[in-house]
Amino acid sequence: MLYRTAGQFKTSYNSDQALFPIKQDAFLLGVILLFALVIFPLTASEFTFQTILIPIMIYSLAALGLNILTGFAGQLSLGTAAFMGVGAYACYKMVTLMPWMNPIVAILFSGVFSAGVGVAFGIPSLRIKGFYLAIATLAAQFFLVWLFEKWAWLYNYNASGAIQVPNLKMFGVYIAGPQASSVVQYFVVLFIVSLLTMVCINLTRGNLGRTWKATRDMDIAAELIGINLMKSKLTAFAVSSYIVGVAGALFVFMWRGAAEPNLFDIPLSFRVLFIAIIGGLGSVMGNFLGAILIVGLPVVLNLLPAALGIPISSATVEHLNIMCIGSLIIFFLIVEPHGLAQLWKLIREKLIIWPFPH
Amino acid sequence: MLNDIFIAPFADMIAAPDFLLQVLWEGLVSGILYALIALGFVLIFRSSRIFNFAQGIMVVFAALTLVGLHAMGIPAWISVALTLGVMFILAVSIERIVLRPLVGQPDIILFMASIGITLFLIGGGEIIFGGENKVMITEELGIPTGDTVLEPWGGLLILQHLDITVVLVASALVAALLAFLNYTQMGRAIRALGDDHQAALSVGISLQTVWVLVWFIAGIIALVTGIAWGARAGVSFALEVIAYKALPVLMLGGLESITGAIIGGLLIGILEKLFEIYWGQPLLGGNTETWFAFVLALFVLLFRPQGLFGEKIIERV
Amino acid sequence: MKDTEGYVTADGRQIGGVLMELNNITLKFGGVTAISDISFDIHEGEIRAIIGPNGAGKSSMLNIISGFYTPTIGELWYKGEKRPQMRPYEIARMGVARTFQNIALFEGMTVLDNVMTGRLTHMHAGVAAQALWYGKARAEEIANREIVEKVIDFLEIQSIRKTPVGRLPYGLKKRVELARALAAEPSILLLDEPMAGMNVEEKEDMSRFILDVNDEFGTTICLIEHDMGVVMDLSDRVVVMDYGKKIGDGPPDEVRNNQDVIDAYLGVPS
Amino acid sequence: ESLYTPNLSYRTGPFAATGIPLMNGQKDYMSMLNARDGGVGGVEIAFEECETGYSTEKGVECYEKTKGKAIVTQPWSTGITLQVLPKTNIDMIPILAPGYGFSPMMDGKTFQWAFNAPSGYWDGADMIVQFIESEGSLEGKKVAFLHLDHPFGKEPLPVLEAAAAEKGFELLPIPVGLKEMQNQSAQWLQIRRERPDYVVMWGWGAMNAGAITEAVKTKFDMSKMLGIWWSGHDADLAIVGDKGKGYKSISWSFPDVDAGVMADIKKHVVDAGMTESNETEMSGVFYGRGVVMSMILAEGIKVAQDHFGEANINAEQLRWGLENLNVTEERLAELGMSGMVPPFATSCANHTGHSGGWMLEWDGAKFVKVSDHLTPNTASYSDIAMKSAADYATANAPWPVNEECGG
Amino acid sequence: MLDAAKTDETLLEVNNIEVIYNHVILVLKGVSLNVKKGGITALLGGNGAGKTTTLKAISNLLHSERGEVTKGSIIYKGERVQDLDPATLVKRGVIQVMEGRHCFEHLTVEENLLTGAYTRKASKGEIDADLQMVYDYFPRLKERRKSQAGYTSGGEQQMVAIGRALMSRPDTVLLDEPSMGLAPQLVEQIFEIVKSVNEKEGVSFLLAEQNTNVALKYAHFGYILENGRVVMDGPASELRENPDVKEFYLGVSDEGRKSFRDVRSYRRRKRWLA
């Protein structure tokens, strides 16, 4: 009876549209916030920040961006990483060309560039559908990575061809670059990710969100009931690429500290896609669950043999790791094709009717 | 600038026709190899709407198994037979473990599952076979390895016998497949299955049988491809990246079309090579082969959204 | 455009002038001629039925009206103006709403959201406002939600408001589709077999809804239906099509007794 | 207690083929020390591998994961080196990147925590240019530079460009993308069209075998093809066998199966069943080089232990050790490694050592030395190095520079 | 008109089955029915009553919709068939025509029909003869035989679906809403075909229908499903006369057929089981 919803009545449309119509959910959110804002920062080790907390949030954001496009608007994209790259390179160029620029503003602004590029590569979606559309995103993927390599201006003609995050200060504290501390970066990431998540929640529950979902579920019908498909698809590309671009900038500036073009190649796209799908297409929360799984799992798998005192070589661990991830993807797809978010919903539904079976 | 784009390349082609021929030949051979991978994709896509990302790794897996078995001292041809056995077991397991529980799920879920299979095979393959580069048992299989040097227009044209063999074998394979799909009851069942799983089930088409068969055929194609690529470039997991090349080939040709896979493969193989040699390297700093195929496919799709030979997308309300 | 007065129906309702007129429409798909040279009109406020055997071209006609197909030959007048070549969404924004023969709901959304999509043409808040859920976006959301709730009440689907439509049985889906179309507050409502797959009781409900829409909002309705009982009882005028040709047009009673119609469609007079 | 010296290795992926023999050599040497001497200075060496697959991203992850206890980090990739370089400054962990990494690392004043002894890429590039120049003037010649399109492949470009300008040859860089390593037909068509006099190769992993087989196929004169030390792996050449005759690779190491150290490894490691290697591999250039690489680390540890008078040294102390290496002929003889690496020494300002090396040539079955001990002309690029180092420091400000080091 | 089942032999027996979708949605709450050999059995009921679900439970197509039979048993010709795959069932003679005309869009009409013969090991001649038979029943299909099924009209697709099932030469056909979307003439025609196939070939039918009128006209026996439960059963002739059935399913009351215009008033629906 923990999850009783009976007795919680809504008396106005306004309150029905509130973010957390059910009290328990609001409570859960409170607990999460408590952890995120107080408990983690106080207790987490450097290692936890760097391999768990920060990457999970950044990957969640990237997956959220992808989810807008693929999960909400139904346009399959295999080029997420390239758009992350656009964000990262844009941010790099901005802070190196204009060192006075506030880093957080730069990060938020870098998404604008990826949104532009995203829209350009989204134009074919007006004609091309389904897996065929994947080709447009793959073209973006491979072309952009190539461009990151060949266009030396992008990486300031560095000998290595990589971009290196300079030490950046805000209010006298280092927030990016090798000098920045993990806690600070954690808070920056937390702030931006929460902000954009909020934006996504708003967009997806509102009019634009419905437009996207209609386009996804049946584009012909959508057009016949008055949806301008071009606008719907292109806004999805724009919003999605914006978020993905910001995630890319965070990825490099708040986490990795440096990046070479290769980083933005297709394996990263796939990883983000895994997160979005395992988490649940068409869900906001799912991305976080997916990221916890996909980012957290390898960490656990890596630590496990040592913790259990089983002597296996690091290469074998890596192989086992890949195998496990592969199997888990299949496993989760079989258990619940609609992802962890759906699984959570089902559990909730069961809890609501608990202890009665039906 | 205009000269560099529109005139100089063609002047180069005319100036060294033997070289142009060589470029075309190289393009043709890689095109055939792309097409072979694409064939596996098409077959599976047709029968299950699964965009089977694992085709590339199946190539590696088949090649590694073959080489691995031979390294254990088993004669070459028996190794081939055993490898086919392994591919069959793989097909059966994939059907049992992955496909059966996922019947009727949306395309993207199945696509994801195929990536899951890919990861599993990469991990498993490396544990079993190790990561080192291996040499394909070309000679043991009786594949000719020499070359023929021609001198057209007093120039130089090198034709590897291996490449010629690949071209011939691939053509035979394609002909056989086309006949199978178009003239057999099973072929029709495969196409029906691609349209509507549920309806196919309802008329008694056994998904299990069709899928095992189709994945097994894809496995055979993978082995052939693996031998061909392996003989050219050695056998290692790096081969897996060539799988990406099959994607634009498929899209360009049309996801359901065998003919499309072949034509798409050849077109892409040849055009990307021409572009790289005559435009990419002199003007763009090279390496354009990483994206050229995709951009080309994209361009074609803008005019034919279902690819050159794909099935028209039926839009009704 | 013909200048026509309205007329009075058998049961004494006043029908307005011509709202839409289709002139010499022909539609070909490659070799197949789905519609050949058909003309008819729809008056403001009337219930106009299209009947005919399967494959006669009825749905295609509806598709032409809603802009999904472009006629090979022929023109369409709407509200006194010749309608130029337009995208379907532009046509929808001119007050044309419809339901589909093979239900075309957005399966991944709840009933409420589906019906809300009907309001899209009436919502204009910008992306930024929506992102922040602030100002216009919020006000608009609530205002439109109220309208949608009225439609939901009207069609008596309150209890399934939050259910994902994928889980609904056929009949309810049809009703939700109607709700979506109604939410758009269209001037003309096109219904493609709204009662297929329903039992008598459900058809009665549906009939009631259609009549009420027509009555209360004065919405013009053009419907395709195979149940002759329904067609005869509800419609003011009927077009009969067969093999792409028009074989009859007039009030139900007249059509019912037309020998061509009986031969081609009805079998036995009902 | 033990000294934790993680190795960011790769035994998987397209680079495993070249990685494995080297990493086996490294590991076996450490195992041998542990078995024979109980480690270094009586402390066992915990030589743990962390798999990166040569992926920069994974590499950084491994670095983060191991940096807590590590006294050294061995990134095993120029890309990873570049990315961890600024972090090591703050985490105070020395990077040991023998024969690879960022060439300006030779400036120890700027890169206090990074070491690429015994030789850097610019040394290698310079020696290769010297070698081909010894075959005749380079004036008006064309040299194709076939390289992996990766930080590693781009490393020698500044030096090669400078040399081209100075010696009047045309340099033609030909990049090989990571995805094309195994299918270099476009690159080799370009080579055929351009007809360069030499092909200098900066390859790694599957790129090496790809290039060599392709060269043979296009009938390129193998004696005009020269590689950096990471492009001289016996197994890559074995694929083409006789047809590869004449292919050369510069190297700062040379295998010697009869060396004392190899006998010890055989006795303490191989016979104890602790190796992952095999006889063929152990006779190759790469395995031998792996042994030398671990020796450098072990020497660093030893020097530090001796200097600080304690066995359980920390990362900072090891840094001192690596900065004060002096591997002389005598010391090599003591180690049973005479002739496996030229003698070299490091200092506070010189983190590379510039040992020089030999030109090796494939004779159809193995690599043989075809030159005397070559030494790089460091003066020719020290300016470039100083400038790069200074630029690096500015771009990464605040960046501490150790002005106390003398020349 | 036939009113009693032809034989008393039970062909198909559904015992008290429960079906759950997605692990949580309980749809059938204990449905039992008997299909007599050689008879036409109708399954009636409003929208969402569970007719389709019942048919799919029998033909084992639930699985691909994430539904499962959690209780009860299904016996065909004395054998438990719940765990067979659909293909095996088709081989044993049970075929389902799915609701909403699932055609193979990209195959031509004729190819669609031919897939129906997939499980048969018949000669080409026999199959051609059957094809001809289907074309005789549905002349319209013959005209469109070379078109891709995806481009045919709704009614044509329904014909394809039924024709395809007949091509498998089944013993038992599960027909889901055959009349939906068909012109009145054609509805009669299809039921005539059902009847003649039933009489001539001895094929048994279980048909789910909304069109109670026609269904009860042609069926021998009927079940009425409400909310996942059987609420009434009996020979068709009896059901036809039942006043409740008359009012709610046939739309006739004591005063005869009402006009659809007259049903405007709000009316509370009477339920057998609340």
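Read from first to last, the chains carry the letters A, B, C, D and E; within each, the first residue is number 1.
Assume contacts are C-beta pairs under 8 Å (C-beta built on N, C-alpha and C of every residue); 3 or more make two chains touch, one makes a residue touch a chain.
The structure presented is a predicted model; accordingly, all values stated were derived computationally and were not measured.
Graph distance from chain B to chain C, where chains that touch are one step apart, equals 1. With every chain reduced to the mean of its CA atoms, the largest distance from chain B is reached by C. Here A-C and A-B were compared by C-beta pairs in contact; the pair with more is A-B. Computed from the mean C-alpha positions, the centre of chain C lies at a distance of 75 Å from the centre of chain D.
The distance from the centre of chain A to the centre of chain E, each centre being the mean of the chain's C-alpha atoms, comes to 47 Å. Work out the mean CA point of chain A and of chain D, and you get 38 Å between them. Within chain C, residues 59, 68, 100-102, 104 each touch two or more of the remaining chains. Shared interface positions of chain E, defined as residues touching 2 or more other chains, are 151.
Of all residues in chain A, those touching 2 or more other chains are 146, 149, 220-221, 224, 315, 319, listed in ascending order. Chain pairs that touch, as defined above: A-B, A-C, A-D, A-E, B-C, B-D, B-E, C-E. Of all the residues in chain A, the ones that touch chain B in their complex are 70, 76, 124, 127-132, 134-136, 138-139, 141-143, 145-146, 149-150, 220-221, 224, 266, 270, 273-274, 277, 281, 315-316, 319-330, 333-334, 337. The part of chain B that touches chain C in the complex is made up of residues 316-317. The touching residues of chain A, counted against chain D in their complex, run 46-47, 50-51, 146, 149, 159-162, 164, 166-167, 177-179, 256-258, 260, 262-263, 265, 268, 302, 313-315, 317-319. Remark: chain C residues 11, 29, 32, 52-56, 59, 101-102, 167-172, 193, 196-205, 207-208, 211-212, 226-230, 233-234, 265-267, 270 touch chain E in the complex. Looking at the complex, you find that chain D touches chain A at residues 9-12, 48-51, 53, 56-57, 60-61, 64-65, 68, 78-79, 82-83, 86-87, 89-90, 102, 149-151, 154-155, 157-158, 175, 177-178, 276, 388, 395-398.
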